[in-house]
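Heads up: the structure comes next, in structure tokens.
As written, the chains take the letters A, B, C and D, and residue 1 is the first residue of each chain.
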Amino acid sequence: MSCVADTRVLVAGGSGYAGALAARLIDRHPAFELSAVTSRSDAGKPLSELYPHHRVDAVLEELDIERHGDVPAAIVAYPHGAAAPVAAALRERGTRVVDLSADFRLRDQPTYERWYGEHGAPRLFGTGVYGLPEVYGSQIASANLVANPGCYPTATLLALAPLARSGTIEDVVVDAKSGVSGAGRAPSAKTHFVAIDENVVPYGVGAHRHMPEIDQELAVFGAPVTTTFTAHLMPLDQGELVSCYVTTSEPWSQDRVDEAYGAWAEGQPFVDVVASPPGVRDVRDSNVCAIHARADARTGKVFVFAAIDNLWKGAASQAVQNLNLMFGHPETLGIEP
Amino acid sequence: MSCVADTRVLVAGGSGYAGALAARLIDRHPAFELSAVTSRSDAGKPLSELYPHHRVDAVLEELDIERHGDVPAAIVAYPHGAAAPVAAALRERGTRVVDLSADFRLRDQPTYERWYGEHGAPRLFGTGVYGLPEVYGSQIASANLVANPGCYPTATLLALAPLARSGTIEDVVVDAKSGVSGAGRAPSAKTHFVAIDENVVPYGVGAHRHMPEIDQELAVFGAPVTTTFTAHLMPLDQGELVSCYVTTSEPWSQDRVDEAYGAWAEGQPFVDVVASPPGVRDVRDSNVCAIHARADARTGKVFVFAAIDNLWKGAASQAVQNLNLMFGHPETLGIEP
Amino acid sequence: MSCVADTRVLVAGGSGYAGALAARLIDRHPAFELSAVTSRSDAGKPLSELYPHHRVDAVLEELDIERHGDVPAAIVAYPHGAAAPVAAALRERGTRVVDLSADFRLRDQPTYERWYGEHGAPRLFGTGVYGLPEVYGSQIASANLVANPGCYPTATLLALAPLARSGTIEDVVVDAKSGVSGAGRAPSAKTHFVAIDENVVPYGVGAHRHMPEIDQELAVFGAPVTTTFTAHLMPLDQGELVSCYVTTSEPWSQDRVDEAYGAWAEGQPFVDVVASPPGVRDVRDSNVCAIHARADARTGKVFVFAAIDNLWKGAASQAVQNLNLMFGHPETLGIEP
Amino acid sequence: MSCVADTRVLVAGGSGYAGALAARLIDRHPAFELSAVTSRSDAGKPLSELYPHHRVDAVLEELDIERHGDVPAAIVAYPHGAAAPVAAALRERGTRVVDLSADFRLRDQPTYERWYGEHGAPRLFGTGVYGLPEVYGSQIASANLVANPGCYPTATLLALAPLARSGTIEDVVVDAKSGVSGAGRAPSAKTHFVAIDENVVPYGVGAHRHMPEIDQELAVFGAPVTTTFTAHLMPLDQGELVSCYVTTSEPWSQDRVDEAYGAWAEGQPFVDVVASPPGVRDVRDSNVCAIHARADARTGKVFVFAAIDNLWKGAASQAVQNLNLMFGHPETLGIEP
């Protein structure tokens, strides 16, 4: 019951896991109103047929920029490559966009092309603000195009920011574990229940698309490293854990670790520094990133473990956090921890 | 190390779960030798690429009846409808066949056509022996075409045989629960990990193809009933439990139940009558059916719970049990409980 | 932000799954305020240590009726037997109580004693209102002691109410499947991950304590039957499905089924009659009961499938629904579907 | 059916997961005979009551060294600390022992005491042969006391041996993931299904007892490093994956990696070098260790992934492999890959 009209928000690409959740979060949001949910593959179906538990009363529609684009804001949940043209079309109409794809995350176009192929809207390349609110909050507030980070970069960057900013990271190994929703909704041999159940398997080894994104941001923070990053698929639905093993150029005491991470979490509603290594259940269905950091005397390394829900903080609820900032709402509105 | 040459066995259709397991069981069998494994969809691939854990050193081949059919025995693991022509072609060359599909299970052709459509080898219709060794052992021994039962009928019939034979079944409700391997290897929205995980859902309600098969055999046993049967998909890989609630025309005491089930299990190496309700883990990776029966004084009904491994006793190892009988080997050879 | 002070609610017994969730729901509720959370086993610990994902900022306290009992309302989440004295002590101080145990559900004291042993507050026996809001809503509104139903009875009674009220139920078989949270938080051989994983197993066969509760209420509705009820433990956390197979004294057409269930759901915010059998995922973390009913022409029976979240509609959120009614709030406040 | 009498083998401590599996493997072994299975906690119970699926027909007995110790061989599956006295008592009677605990793995007594406390049979300390057959095969053949390696060291050492032997390892990070059976059979809050399900959580961070064992052996191989090692608990039963990130003192090409690992696997029946990163399902219920190694051009590191079944190669079947060597049988007898 707000005194002013809610801001209408389009969700373009609502049949995937992240888009559908974004639609639900907008639908329940006290200051936003869901204007429409579109889908290329499932137009005509009620969203509740695909996602009964979201209980969103909307029918998926074929995207029609003329009809759907006349809104102040949109969340675009299209695959990499396909997202850019949609974002561009919306931007032309003045709609402020949070894009969930990788299309506007990278700042170096050759790097983008090496990992993703040709860009779908080159004129817009590099114009997006990287949508990690804990770092880029003020820029996001005035941005018209926000590139929502990848799920692994979100967890990794929130885990490593204090170390990276100190300028003391020499080498970092990130071993990431993700639930299957991170692999998307398309049925395949790899996402068949029988292939995942009672299994754990590395994937994208040496070639995961989130690597350049992590390196780009760590460098901005002050750690120009080549991150060792490997992702593993685990037999669970939502949830992601990154285990980071950091070699530093000078020794870190536990006191220094505690101080740095305490300062990092200060005032951040969604960064929880916790006293023991978090499990992914601790943050399920929330926008929280739970972080545990410790100086390991035995090896001299610093260990950092960070858990997020890949569909929430790793995608849809972080998009809402960005929209909150863009429209002047409290950062936590509708996604309270 | 047998004194005589092992009997060569073809597995036709080895890329599905049941066919692949059949290939492994034949490959390890002391009296059978795997002549070839064929596949329509994956010819050219090593079987170990699809099923590393089976450790069978064979390359999937396109079926060539001329080349592959010159064997004494074959296990056919094709989908319903497609199996009959393959079985027929093999029979023409004298090969003795165990068919895993439904094509030769039913004895009434109109019933077959109602549930499965046109039959692929009408001249052979009705010539198969129903391959439930605990019931049809002697006929199987001399059969040339054995119709391996469905997984649900296997568990249900082994569970209900003593009651059915007494002629006292008036009504029976079978609530069945199955692991996802029962749904086959083809990726689909229904078998996606995220759809199955943390879920349980009824399927094929009122229209499951195993119903006519169960009714047919129960009638032969002495119980001409219309079985109430519902299957549910559960978040596990292999395993099947049938919970049977039987209304009888006269009261059964626990003593009578114990006597009837004790007699039923007597001499059956794969029927275990157990003192408390079995879990599907108890029979995983085995040809055993574990059965618990009890007279329920409160309701006057008899409850029977039976657990099998749907891929083993419900498919591949039962096929080997049938082959053992057909070729004069001990019933348990290569599939010892 | 309500204009009037929120009603203070005590949660007594907050270390178990249901009590902890109740604390969270009260903590977030727009019209209630969490006064305290008590625990016999874990007093002194922050609730967030046991349940990080609930993010409730409260320390578990030893129950002190003098100190904690001075509140308008309490949710009691004690085990059967231990709950009654706590509820009695709270009632003496005028606190309105929703009790999650079985202590006030049954109306016949000998039946209670047969299933649960001696009652802990015999003077209060039979004074509670059965807290199924869809049936007893108006009585709950003015009740001081509400007996929150068991999880299985909740799902079963919501599934069968329309049939029971018609007076045509002759026999009913309920096959129930539950996630492991229903077995409680105490570690045991039965709840060890390895015992549950890749398993499904019947439990409490012929002797489940929810049976008399189901029969009592079905009789009130108009179906004086002895329900055949069997529960099964499944490898998932939250969720419960009841599959009901009903023999009726006269045939039901699908039209009659649809009409009866349509009327039943009408105006009920938490009863969803759905077009195909629900999975438990569809209602996870919600107070909704999803029901699918169909006349099965083949057997002449009526099949009803109902899914709930055992910790929500089966316990904690239903307690909040009851409190909403007791304090004159909209039934859905704080637990919107 | 061997011409000579089978060697009798005692399994001391058969109620835990590893001991029970050892009993089953001995029970089915063509050259060993299970003389007895003992248990401190469950004496008097049939083993099949605890482990129905093992189908071992034996009753657990209280250990009586006089009665049970008169055997040529024993597998001791006691907890750390409690194992040493039992092994000592058996050794005094001339029984050759494979010990599954850590009591004889370490060669430095102060190190043992720091991690495990006082040793239970100091006179025997350091007299065991480290039972990794791929490395110590010839010493195992003549050993009377074999210390079966820990599960993580087994996978890690098999993964890293070729690199360690080259003398080029400078630093190594091992991120390990294990199924819950690795945590043992004792029920606890940490092994409750609800705590594990949909979760992944680091444990023993910076203080895992397998660390000194790994460092000890890597040093023997030629890599005197302090290994960074962290274990994670995952929602599955059996299976373990170690992801190793190795910094080398000189660059390794993929060719050099392939050559080194090819040579390492040569003639090793249980070491499978595979072309893509293995999943733990690939080795379930087998004594195989599947290894994938690659030179990562981007980071200059070598990545090695190794999967084992923690209860098989990580414990019970490796014990049988050791017994095979000790009694002159083919290494693979009874545990064929």
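By our rule, contacts are C-beta pairs under 8 Å (C-beta built on N, C-alpha and C of every residue); 3 or more make two chains touch, one makes a residue touch a chain.
Keep in mind it's a predicted model, so treat the numbers as computed, not measured.
Chain pairs C-D and B-C differ in how many C-beta pairs they share in contact, with the greater number at B-C. In this assembly, the chain whose C-alpha centre lies farthest from chain D is C.
Averaged Cα coordinates give chain B a centre that lies 40 Å from the centre of chain C.
The geometric centre of chain B is 37 Å away from that of chain D, both derived from CA atoms. With centres set at the average Cα position, the gap from chain C to chain D is 46 Å. In chain A, the residues touching two or more other chains are 195, 197-198, 235-237, 278-279, 281, 284. Chain C makes touch with chain B in their complex at residues 171, 173, 175, 177, 179, 195, 197-203, 205-206, 211, 226-228, 230, 232, 234-239, 241, 243, 245, 247, 277-281, 284, 294, 296-299, 301, 303, 305. Against chain C, the residues of chain D that register as touching in their complex are 17, 180-181, 185, 187-189, 191-198, 235-237. Residues 52-53, 55, 197-198, 274, 278-279, 281-286, 288, 290, 337 of chain B are the ones touching chain D in the complex.
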